[in-house]
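What follows are several structures.
In what comes next, chain A is part of two complexes: it sits with chain B in the first one and with chain C in the second one.
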Partner chain A sequence: MKHKKRLLWIIIPIALALLPLIFDPESSYLIYFLYMTFIYIALTQSWNLVGGYTGQVSLGHYAFFGLGAYVVAIAWSRGLINFLSPHGMLAGGLGAAILAILIGIPLLSKLRGDYFALGTLGLGEILRLATVKGGAFTGGPTGILLSVASFTTIAPHYYIGLVITLLALGATWTITKSHIGLALVAIRDNEAVASASGVNILKFKVFALAAGAFIAGLCGALHANYIFQIDPQGFYSLNWTLYPVLMTVLGGAGTLFGPVIGAVFLSIGFELARYFLPEIHPIFSGLLMILAIMFLPNGLIGLRLRKSKRAIVKKW
Partner chain B sequence: MTIDIILQLLINGILFGAMYGVAAIGLSLIYGTMKIVFIAQGTVIILVAYACFWLFQSYNINPYLSLVFIVPASLLVGMGFYQVLFRKVAKAGSFPTLIIAFGFLALLENFMAVAFTSTVKALQTSYSSYALTVLGLKISFVRFMAFIMALLGTGVVFFFLKNTLMGKAVRAVSENLEYATMIGITPHLINTISFAIGIGLAGIAGVATATTYAFDPYSGFVFSLKSMIALALGGMGNVVGALFGGILLGVIESYAAFFLTGGWADVISYAVFLLVLMFKSEGLFSREADTK
Partner chain C sequence: MKELRNIFCIGLFLVLVLTFLCPSAMVQAAEKKEIIIGAPIPITGNIAMNGGEEKWAFEQAIKDANAKGGIFIKQYNKKLPIKFIVEDAESDPGKAVAATERLVKIDKVDLLLSSCTGNLVVPVAMAAEKMKVYYHASSCFPFLWRPGNYKWSTLYFFELPQGADVPFDVLTSLPPAERPKKLALLMEDSADGRAFDGGLREAAKKYKYEVALSEFLGVGAKDYSAQILKLKSQGIDSGVLLCADTDAITFVRQSKEADFNIKYLHGNKGTVSNEFYSALGKDADYVLADGLWSPEWPYPKAKEIGDRYQKEFHRDSQAIGLYYALAQTLLMAIEKAGTVDGAKVRQAVMTTPFKGTVMGDIKYKPDGVAVFINGAFQWWEGKLKTVFPFELSGGWKLKLAPPWKERK
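Moving on, here comes the complex of A and B:
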């Protein structure tokens, strides 16, 4: 059983990597859809690391995504990097991680629970407003327009998206299997006890926030290379917090594959809704979030766990 | 720069801020009894503003008169909110309730964007731009009325909490849920009442918003943040503090908007918010120093 699971880790990525050879990435809708799904999975996993594993609900996640995009846009429009420059994207991720460390240390050392959530929301808004008011440096409310000339196909975006997704999953897996993961879960479950057992609370919280921000920043940086118009409304949109939170909660917070299931499930849901109910589909994201919390407190992945637990109980 | 302008800004800020205060009192009650950060409060306020707008536009009902319908309706809706949204998860900790409130914000915001379109609405009455002149200072009539409504709302809630048995029960639950349950108070009943009052106050704030501001579905989020700020300034779970918090926020904004250009005023409010959260999280107006 365990062997089979490990094999899937290799088979699925290879299958996904081969897909653009079968479906023409220049015209295929499937490739675009999977690209967006990769972004959602990575973003969701990055939130899950902070919110799901460590229990620190950050509502300012959109700030990390937006900052990653803006680092690319600003550097690109100054001629420092080019279309899909790897170091540009890396800079986007690092910028977000540095921001996370800078704000994480004061916020996480002082604020807990709801207060932390509100604090991150306030910071996200400050960053958004500063960008809107940033004048020539950030392009103000209309944002920065990048040159579309170098774009030919979505294939490179697809592969980079796949790599970022695997990175997010791999990093989360490695972290949760190490003593860091134990510390994070201990902080979530009982901060006082964790602290009494010698866990340096602040260090681990900031680490989780920075790791999550790094991945969110990478996602933003990659997406900036696809959208070409980086404006506050699109990239500092609250949706970039709403979707990851929703996908985490729906799939199962604090699990490795919960966010994947949530992200895939909702990406399909969004596409179907966009097709059949083009006007009203955004309403459903909020509604789903409420229903998921009320009726699936452990997420979709919890359904399976509960069933297998039931099976064990029966056997026993 | 004359003393007149400074006073004028002060008055504008106070009149403005009382509205944030009313919204914050609702949040304060909800947080006090249930420990729920009802982040969708501002969005509910905008929904009420739409209702007020619609009553005026379609039936020509005076916005102040519409309070007669809106406040009772809001109280009922508030009871419904608790029973439908939060009753099930009230004891599950802050993660689920925060997510539900956040989901509800998204739901309402998008619902309004679809149902009422995202064009900016403003309620135009014959007295919308009328201003009283007192001692050389201009006082906008609609803002003055918003201020009066805020004071009345606060007064009623304060009286209810201090002088009725039910109000005492609400305070008891806020102070210590376990002891309150032990002496026979039903938490679900008290929670329902607190939520009803919270949304009822949102009704008042909604009418005040409709008469003074131009609004669109997305202004609710900003309003939510502003009432959170007022709440943080006043101290979570402190009713009178919340009103003062709102007024203080209004004054800060009024001065910031005058001395800096438009959008930066909000940056100042958020910065004050963060500083207060970090360094004085029990609020500026709390009488006791201990937070628990």
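Moving on, here comes the complex of A and C:
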């Protein structure tokens, strides 16, 4: 069984990497759809580290996504980097991680639970407003327009998206299998007990927030290279937090594959709703989420766990 | 056995999804039976109302063309009917891009018609550029659009400086003794508001008007009483307002409550909507609104389109003419180009003088932009009367608002 699982880890990425060779990236919507799904999977994993494993509900994740995009846009518009520059994307991720550390230390040392969630929401709004009022530096409310001339195909974006997704999954897996993961779960389950056991609460919380922010920043930086108009309304949109949170919760927060399942399931669900119910698709999408949360409180992955528990009971 | 069944179910699901996401290539290979035009329009979200008007106007223009048998395409030596597809842009720039991707890659559209507002039009123009599909755009200020140097789009809209001149054109048309003296700029704190504020300041300088006060209003704020008291204490008697209809309604209601008498209130964006008048009734009288078009203007079919809209929705629209004309020019250009090839259609758009649209004659400039004059209207007994352009006003004379207490 373990061997089979390991094989899947190799087969699925290879199959995904081969898809642009089978489907023309210029004319196939599937490639664009998967590119967006990769971004959502990476964002769900980034939020899962903070919200799922550490139990710190951050509603300001869109700030890290937006900042990653703006780092690229500002550097590119000043000739410091160019199209799909790895340095630019890395800078986007690092910028977001640094912001997470700077803001995480005061927020996480003072605020918990709902108050922390509201604090992070405030961070997103502050950053959005600072960008709107940023004048020529940020392009103000109209944002920064980048040159589309270098774009030839979506294929590089697709592959970079796939790499970021695998990186996010790999990083989450490594973290959860290490002593850091144990510390994060201990903090989530009982902060007082974790602290009494010698876990440095603030250090691990800030680490989770910064690691999540780094991935979100990378996603923002990549997406800026695809959209070419980086504006506050599009990149500092609360949707970049709400969708990943819903996908994580639906799939199963605090698990490795739950958020992946949630992201794929909701991406397909939204797509089908848009196609078959064009005028009322937000109602259907909202209903789908309410039903999923009502009947699957542990997420889709919880179904599998429930099944295996039942099987154990039957055996006994 | 169970595992096999699970794998079969997942496989079947993925095949279904793949079939949905990858439409057959045969669609392109088969003989062309129709012209497919798509539009990423916000039909949900906060600008869905604008999107609804836009969608209706495009559908009417295409329905009228189809009623005549479609468009003659020289390449196929026959008339082809037009199929119109709308994808929801969800009032969000990222979603507008996704809608464009669906139109081009799933629906396989030949050409794209405009979205609305600059925030959606620019990202769609970028997407059209990437996918090399012609985008016939409107509803975006040319100064936001021009830096893109698009090779696959054109734009039809009014220039921001001209729009900013309108309140001053109207004010200076009054005899000097009647003119309000203390002007305030009241802009919503948004991309539109910031851009328009700059344009209005330039215009004020040009017309030698002094701006006594300038305030940015929070979008969606429920209380403007602090700003209104400030305006009242400074003796402001005229103002240019830019905000959404809900904010404009709040502003006028609270002005009345505070007995703040403003002789001339020139609204932009929000005061033109029917909701503005429905909510305020007679209190909306005397308020001015910017507008793109009027069914009363003496252009071919303008009245007919206005009547059709009125019959269906029991209200007027100052935007449908723009969108109807936009679709008209695209259809004329397709016929002129004799093909649905985007590059050739764009070339035809750039070189054809379009005569007799519902917006009058239209001519694109070499930079891909065609402009029209933004108008000004005054609410009077539930109707919007044309104030500017003066030659289209039909004899309507601007009325300055009396104090609230003197109104019936």
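By definition in this document, the second predicted complex is superposed on the first by the 305 of 316 C-alpha atoms of A that agree within 3 Å, B and C clash if a C-alpha of one lies under 4 Å from a C-alpha of the other, contacts with A are read in each partner's own complex, and residues count from 1 in each chain.
In the analysis below, a contact is a pair of C-beta atoms (placed from the backbone, for glycine too) under 8 Å apart; a residue touches a chain by one contact, two chains touch by 3 or more.
Keep in mind that this is a model prediction, so the values were computed, not measured.
**Student:** Tell me the contact category for A:P282 with respect to chain B and chain C: first, second, both or neither.
**Tutor:** In the superposed model, A:P282 contacts both chain B and chain C.
**Student:** Which partner does A:L246 reach: the first (chain B), the second (chain C), both, or neither?
**Tutor:** first
**Student:** Applying the touch criterion given at the start, work out whether A:M36 contacts chain B, chain C, both or neither, answering first, second, both or neither.
**Tutor:** Once the two structures are laid over each other on A, A:M36 reaches chain C alone.
**Student:** First (chain B), second (chain C), both or neither: which does A:D231 touch?
**Tutor:** In the superposed model, A:D231 contacts chain C only, not chain B.
**Student:** What is the contact status of A:L111 with respect to chain B (first) and chain C (second): first, second, both, or neither?
**Tutor:** It touches chain B, and chain C stays clear.
**Student:** Take the contacts of chain A with chain B and those with chain C, and give the residues found in both.
**Tutor:** 132, 279, 282
**Student:** Where on chain A does chain C make contact in their complex?
**Tutor:** By the definition above, chain A touches chain C via 23, 26-30, 32-33, 36, 132, 140-142, 145, 148, 151, 154, 227-229, 231, 233-234, 237, 239, 268, 271-272, 274-275, 278-279, 281-282.
**Student:** If we count contacts the way the header does, which residues on chain C are in touch with chain A in the complex?
**Tutor:** 17-18, 20-22, 25, 43-44, 86-88, 90, 92-94, 97-98, 101-102, 105-106, 118-119, 122-123, 126, 129-131, 144, 147-148, 189-191, 194-195
**Student:** Considering the complex alone, what residue numbers of chain A touch chain B?
**Tutor:** 55, 57, 59, 106-107, 110-111, 113-115, 117-119, 121-123, 125-126, 129-130, 132-133, 238, 242, 245-246, 249, 253, 279-280, 282-283, 285-290, 293-294, 297
**Student:** Which chain B residues qualify as touching chain A in the complex?
**Tutor:** It comes out as residues 35, 37, 85, 88-89, 92, 94-96, 98-100, 102-111, 113-114, 221, 225, 228-229, 232, 261, 263-264, 266-267, 270-271, 273-274, 277-279, 281.
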